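Given below, in the form of C-alpha cells, are the structures.
Both complexes shown next keep chain A, but they swap its partner, so chain B is in the first and chain C is in the second.
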Partner chain A sequence: MSTTDNPPILEVSEFNVDYGYGDDAVRAVTDVSFSLGQSKVLGIAGESGSGKSTLVYALTRLLRAPGIITGGKATLRLLRQENDLPFDLLNATEAELRGIRWSQVSIVMQSALNALNPLQRIGKEFNEVLKLHDTSLSKADRKARAIELLALVDLGPDRLQRYPHELSGGQRQRVVIALALALRPELVIMDEPTTALDVVTQREIVSKLYELRQRLGFAMIFITHDLSLLVELADEIMVMYAGRIVERAPATHLYQAPRHPYTLGLMDSFPPLFGERVQMSGIPGSPPMLKSPPTGCAFHPRCAAAHDRCREESPPLVAIEDGQRSVACWLHDPTSTHEVPVALTRRHVAASEAN
Partner chain B sequence: MEQLQKGEIVLEAKGLSRAFAARNEKGLFAKKRSVHAVEGVSLTLRAGEVLAVVGESGSGKSVLARMLARIVVPTSGELFLRGNSIDLKERRGTSYAGEVQLILQDPFAAINPVRRVRHSLERPLLLHQTPKNELLARSHEVLASVSLTPQEDYLERYPHELSGGQLQRINIARGLSVNPKVLLADEPISMLDVSVRLGVLNLLRELCDTKNLAMMYITHDIASARYIADETAVMYAGQVVERARGTDLIDQPVHPYTQLLISSVPNPESLEQRHTGTQGSTGVAGFNVNGCRFSPRCPQALPICTTNEPPEVDLGGGHFARCWLPATAEQKSAVALRPSTSSAKQQ
Partner chain C sequence: MTTLARRFALFAFTAWATITVNFMLPRMMPGDPIQLLIGKLQGRVTPEMIASIKAQFGQGLDQPILNQYGNYLSQLAHGDLGTSITLSAPVGDVLFSQLWWTIGLIGAAAVISFLIGTTLGALFGWTRGSRSDAAIPVATFLQSVPYYFLGTVLLMLFAGSLHWFPLMGAYDPSLTPGWNWEYISSVLRYAELPIASIVLCSLAGWMLGMRNMMVTTMSEDFVLMAVAKGLPRRRVMWHAARNAVLPSIANLALTIGLLVSGSLLVEQIFNYPGVGNLLVNAVGNQDYPLLQGIFLLITFTVLGANLLADLLYFVLDPRTRTATVN
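Take a look at the complex of A and B:
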C-alpha cells in the first residue's frame, strides 16, 4: 500500500495508566509503546484484566475516574486535519477532543445493546450524529446517508424504523459499526465487537469489517481474547499480559512462530478443529491480581521456562529478528544462557513460501 | 451404591419438547401462538461418556439441559433415569436432584457472593441429609476432586477472592458433592479466561472418566466439543439436526448447518479461505417455518425442504442427520457437500 510512507496515524510511547491514587493505586497499563500505520490493523490480544480495554479507553481519553493516565505520550496524525499538525491526545482539551471524536476516531464497544438507546429508533441514532457533526446536511440528506450507511453493512432501509430490541445481536452490532463509520473516521477502535456473538454471526461481522476496511481504508485497533480471530484480521498483533506488552509481531509471524511463552500458551488454549485429538494443557494457574502483581516478570508463576532472573527482574520489551518483532522475555536476552524451549524457536513461513 | 458399567445408559430422553407462549396477534379472539424452543429431542447419556451439544444462542440447548434437570417441565416427551420412567408431572424431589446435577455458565452468579465457599459447598449436603459430622470431610473430598488444594485455603474464602476458573471449579465441586450420576454442564467455560478454559475442560473429562459420570457438555464452541466429547449433537432451532460419535461430526459433517458452523470458526491454518463470506448465513433461527427449519438459510435447499420436515437419516456408525439431502435419492449431492479431504476416504 502506498500509505506506508506516511507517518503512523497513532504513536504511543511509555504509556502508563493507574486505577486509584497513592498507595492504593493499581497499575493497569505499564510502559506501553506502539505505533499504528495508516490504514493498518493492529490486534490487541489478552485475557480479561490484561489492560487491553483500559489502554484504548485511556488513549481516547474516555477513561473515567479512578482511572488516571500517569505518564506517556500519545500522538495522533490525521491526514484529513486542516492544519497538518500532530494531535497530542493526552494534553488535548475537552473541546479539542470533541473535534476528533467520532469524526476522526470512533469506537465500537463490546455490547451493541448497551451502545444503542433502547427507547430510540435506529434512524434517530443516525440522524443525531449526522446533525451534530455536519450542519450543512438537510434532513433528506441525513436520511439518505443513513440508508447508505446501513447498506454498507448489508441492512435494508426498513431498519431505520426499528428499535434495538427488534434486531438480532448480529444486526445490532452491524448498526453500531455503521454508526461508527458514519463520519468517515480515519481510526476505528473495536473493543471485543464479536465476543457476545455466535460463531456464525462473528464470521459475518469479521468478513464485513475486512471488506469495509479494504474499501474505506481506515486504520483499526481490534481488541479480542481470541488470538486465531486476530490472525485472520490483523496486520500486526500485540499480546498483553498484566498490563504490559509481552510480544508484538506481524500476525502470521506471531501465529506460526510465537516467541513468548504466554503467546504459545494462549495458542495452545484453543483446541484445534482438525487433526488428531491430543491432550492439551492450556496455561496452569490463574491470571495475576494486579493489586499484588508477582515480582519480576508477571508471567513467571505460570511459566514452565521461568528461571531465577524472571522472578527478580521484569524483562523489557526488546526488538528481535531485525526489529520485525518485539518480545519481553529473558529467554530471548542475548546474555541468557538458558535454553529456549523448542516450541519458541520455530521459524515462520513467509506467505509466499507457503504456497 | 451400585456401580454403573461404563457405557451403560443412565439418562435417556425420548421426544422431549417444550413450547413457550409467543406474543399473540392483536385482538381478543386472535389465535394463540406458541414457539417450540425444543422439539422432539431424543438422546442418551451414558456412564463415563461425554455428550456435547453444540448450537448457537437460541437453539434451545439450555432449555434442553433444564428439562433434563427437571427445572423446566417438558410439554411432551419421556425421561428415563436408569431405565425407570420419570413422572414429569410430579414435583422434582431431592432424590432426582441427587442423581442429576446442573452446572451453569456464570460462576460469579451461581455462587452466593456474601457467603463463604464452605457455606456454598455444605448447603447441598445438608439438603441431601448428610450427617453434620461428615460435612467437613465431604467438602474436603470434593475440593480435592476439582484440584483445589490445600482445601483449608478455599473453604473460608469469599467468592470475590477467587478467580473465575477457581469459582467454576467450586461450582463443579458443589454439583459433585451429592454424588450425582449425571452432570449437565451448560457452557461451563464460556465465561472463563481463555488461558484457564482448557484446565476446566480437562477436569470435566477427568471427572467423567474417574467417577464414571454421564456428562452432557453444552457449548457454542464446536472445537471444544471435538476436544472433549464421545458423541456430539448439533442443535438448530430446537431440533437435533446431526449427531455422531467421536470426531466424525466435525471431520465429516453432512448437514449444511454443521458445515456452516465449522466453516465459521476462525482458522488461521487456511488463511486463503478467509473472508470469502458465508452463504445463507443471515437471518434468525426459523422456529415457525414449514419443512426443514434451516431451509430459509440453507444454500443447498431442495424444493422438498421447504414443504416437508426432513427425516432423521442413519448414515452408519452412529452418525445421524436430519436432512433431505442424504435422505433423497440424490446421494451424490450430499457426498459432494462433504469437505474434500475427508470425503474421499469415506467413500
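Take a look at the complex of A and C:
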C-alpha cells in the first residue's frame, strides 16, 4: 500500500495484549503486525470482543488495568516532530507520551456522551486542549480557533456555551471530532465513532470525516463492526477475529472480493444503504470465549467451510494474490485440496476496468 | 428554573406543616398544659410567667382555634417563641445564645472532617490497588466505632489521664467572655478535643464515600479522554474528582442539617454548652416551651440544609438545571 516515499507513520509488529496476570491471563490481541502509511486510512473491523479496541488502546498506551502489553513493537514516525526520530510507543515514559498525545495522536471514543466532562462547557474542552499544547495562543485566539473548529464540523459558535447534555448525540460526536482535530494531529484514531448514533447521523458523520480527511490529510485508524462504512473511508481494511488479524486487503478488494469466510459473514450482516433489498444471513454462533479459545482456527466452530485441518492448526496470516493482500485461512493454502466457496473466489474489479 | 421553583414551594409547604404541627401538639395533649406547667413551678411563679405560658399555648384556650392559630403565627413572625419555664428567659434568646456554641463546634468539625476525608478519599481512589488500600480497613473500623465510646475514651485518656486537654466546658471559667485574644484562644483550646473526636469518627465515612465514587468515576470515558488529551496527571485527577465529589457535597449539606440534633452526644460527653445540652435539660425538666422551640429549630435546620443541598447541586451540576424530575 505504501506508494509514497515516506516511511509509514505507524508500524506495529508481533503485538500481544493480555488481560490479567499469570494463570488468569486471557490473550486479547495475538501477534498483530501492520503498518499505516502517512495520510492513509486503516479500517479495523470485527465483532465486539475481537480485540480491535484493545489493540488501539494498547498502542496508544491508554489501556486500563488489567490490560497488559506482553510483547511486540510499535513505532510512530512523525513528520512534523522537530527530530524525526522514530517514537517507540511501548517504551515511552509518561512524560514522553504526553508530548505526543492529542498534538500528534488523538482519539475519538465510542460514546461521545461519556467522552465529555458533564460539568464542563464545550468551550472549556477546547480551551483546555488548545492551552495545554500551545501556550502562545491568547484567550481570544483560542476562542477564535474553537469557533473555527466547530465550523469545521458544521456547528455554530453558540455551542461553546453549551454543556454536553444539552447537545444531541450527533452534535456531541461532532464536537469530539472537532476536539480531536484541534491540534492538527498527524494520526487520528476513531473507536467506533458512529456506533451509538442512528443510521442517518452515522452517514453524516462518515461523510464529514471523509471531507475533513481530504482537506487536512491526517492518517486515520477507524474501528467499526460495520464493514460497509469503511469501504469509502478506508484505504486498507483489517478484519480481526478473536484477537488476530484474519484478513487484510485494500478496501475495495476486501469489499468486492472477500477471501476469509468471516469477512464474508461480516458483510452479510449489514444491509447496504442503497440498492436492492437482500436477505441478511449474519454469522451463526457467537465469538469464542478468549478464556478458552477453540483449537486450531478460532473461527472454525462458526465456519461453514471448516475442515479437519482448521480444527487442529491455527492458520498463519499469509500474503496471497501477488502480495496485494493477506488472509489467515487454510482454504487459501496452496496445498489445500478443499473447494473454496464461490463467494470467496470473486474477482476484484478495479475502478479503471469497471468504467 | 421550574425545578428550583418547585423546590422552594416544597420547602415552604414543609415549613408551614412543621409550624402547624408544633402548634397542634400541646393542644392535643390530654389535660390542661397550662395548669400542669403552673403546678410544676411549685409556687415560684410570677404573673408575668403565667401570662407568657398563656401566650405560648394560645391566650385563653376558650378562643376559637383559628384565632389561636392566628395569634400563634403572628407571635412566631415576631420571633416570639414563648418563655422558658426553667430558665425564666425568652426561648428565642436562650436558643440564640446556645446555638452559636453548637454551630461553632459541630460546624467546624463537619467542615474539617469533610475537607480531610474527601481529599484523602480522592487520593486513595486515584491510587487504588496500591498500598493506600490499607487505609480501607482502618477507615471501616473507625466508622463502626460508636461515637459515645470513642468520645469517652478520648476524654478519659487525653484529658483525664494525660491532662493534655481541658476536661469540660467551652472556655476557661476564670475568663470573662469578650473579643480578646486570651478568651478566643481559650475557646479554641477547649474546642480542640471535642472537634478532634467528631472528626475522627466521621472522617472515615467521607473518605470511603469519596474513594468509591472516585473509583467509579475513573472508569468513565471522559477521564480516559483527559489522559488521551495529554493533560498532566493532576489535571486528569481534577476532572475525575470534580465529578466524584458531587454526592459528597450533597451529603455535607444534609449533615449540616443534623448539626443541631447531632450535637447532643458531644455536648454531653464534653460538658460543652449548646443546643444538645439545652435539649437534654429541657426534657429532664419538662420545659415545654423550650422543647417546642428546640424542635422548631431542629426541623428548620434540617429543612434549610435540604434546600441548601438542592441549591448546591443546582449550582454544581449543570445537568440538574434542565432536568424535569429528579
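Descriptive notes on the structure:
The rule is short, and it goes like this: the second predicted complex is superposed on the first by the 341 of 355 C-alpha atoms of A that agree within 3 Å, B and C clash if a C-alpha of one lies under 4 Å from a C-alpha of the other, contacts with A are read in each partner's own complex, and residues count from 1 in each chain.
In the analysis below, a residue touches a chain if its C-beta (ideal position, glycine included) is under 8 Å from a C-beta of that chain, and two chains touch if they have at least 3 such contacts.
This one's a predicted model, so the numbers in the text were calculated from it and none came from an experiment.
Superposition of the two structures on chain A shows chain C fitting alongside chain B with no clash. The angle formed at chain A by the C-alpha centres of chain B and chain C is 70 degrees to the nearest 10.
Judged by the touch definition given at the top, the superposed model places A:207 against chain B, while chain C stays out of reach. In the superposition on chain A, contact of A:287 is made with chain B only, not with chain C.
By the touch criterion defined above, A:99 reaches chain C but does not reach chain B. Within the superposed three-chain model, A:111 lies in touch with chain C and out of touch with chain B [touch as defined at top].
In the superposition on chain A, A:225 makes contact with chain B only, while chain C stays out of contact range. Once chain A of one complex is fitted onto chain A of the other, the partner contacts of A:342 are absent, as it touches neither chain B nor chain C.
For chain A, the partner that touches more of its residues is B, with chain B and chain C as the two candidates. Of the two partner chains placed by the overlay, neither chain B nor chain C lies in contact with A:140.
Once the two complexes are overlaid on the shared chain, A:168 sits against chain B while remaining clear of chain C.
Superposing the two structures on chain A brings chain B to within 6 Å of chain C, judged by their nearest Cα atoms. No residue of chain A lies at the contact with chain B in one complex and also at the contact with chain C in the other. Chain B contributes residues 56-57, 163-166, 193-199, 201-202, 220-224, 226-227, 247, 250-251, 260-269, 271, 274-278, 281-282, 284 to its touches with chain A in the complex. Listing the residues of chain A that touch chain B in their complex gives 47-49, 154, 168-170, 198-204, 206-207, 210-211, 225-226, 228-229, 231-232, 252, 255, 265-266, 268-274, 277, 279-284, 286-287, 302, 351. Residues 129, 219-222, 224-233, 239, 242-243, 316-319, 322 of chain C touch chain A in their complex. Residues of chain A that touch chain C in their complex: 60, 62, 64-65, 94, 97-103, 106-107, 109-111, 114-119, 128-129, 132-133, 163, 165-166.
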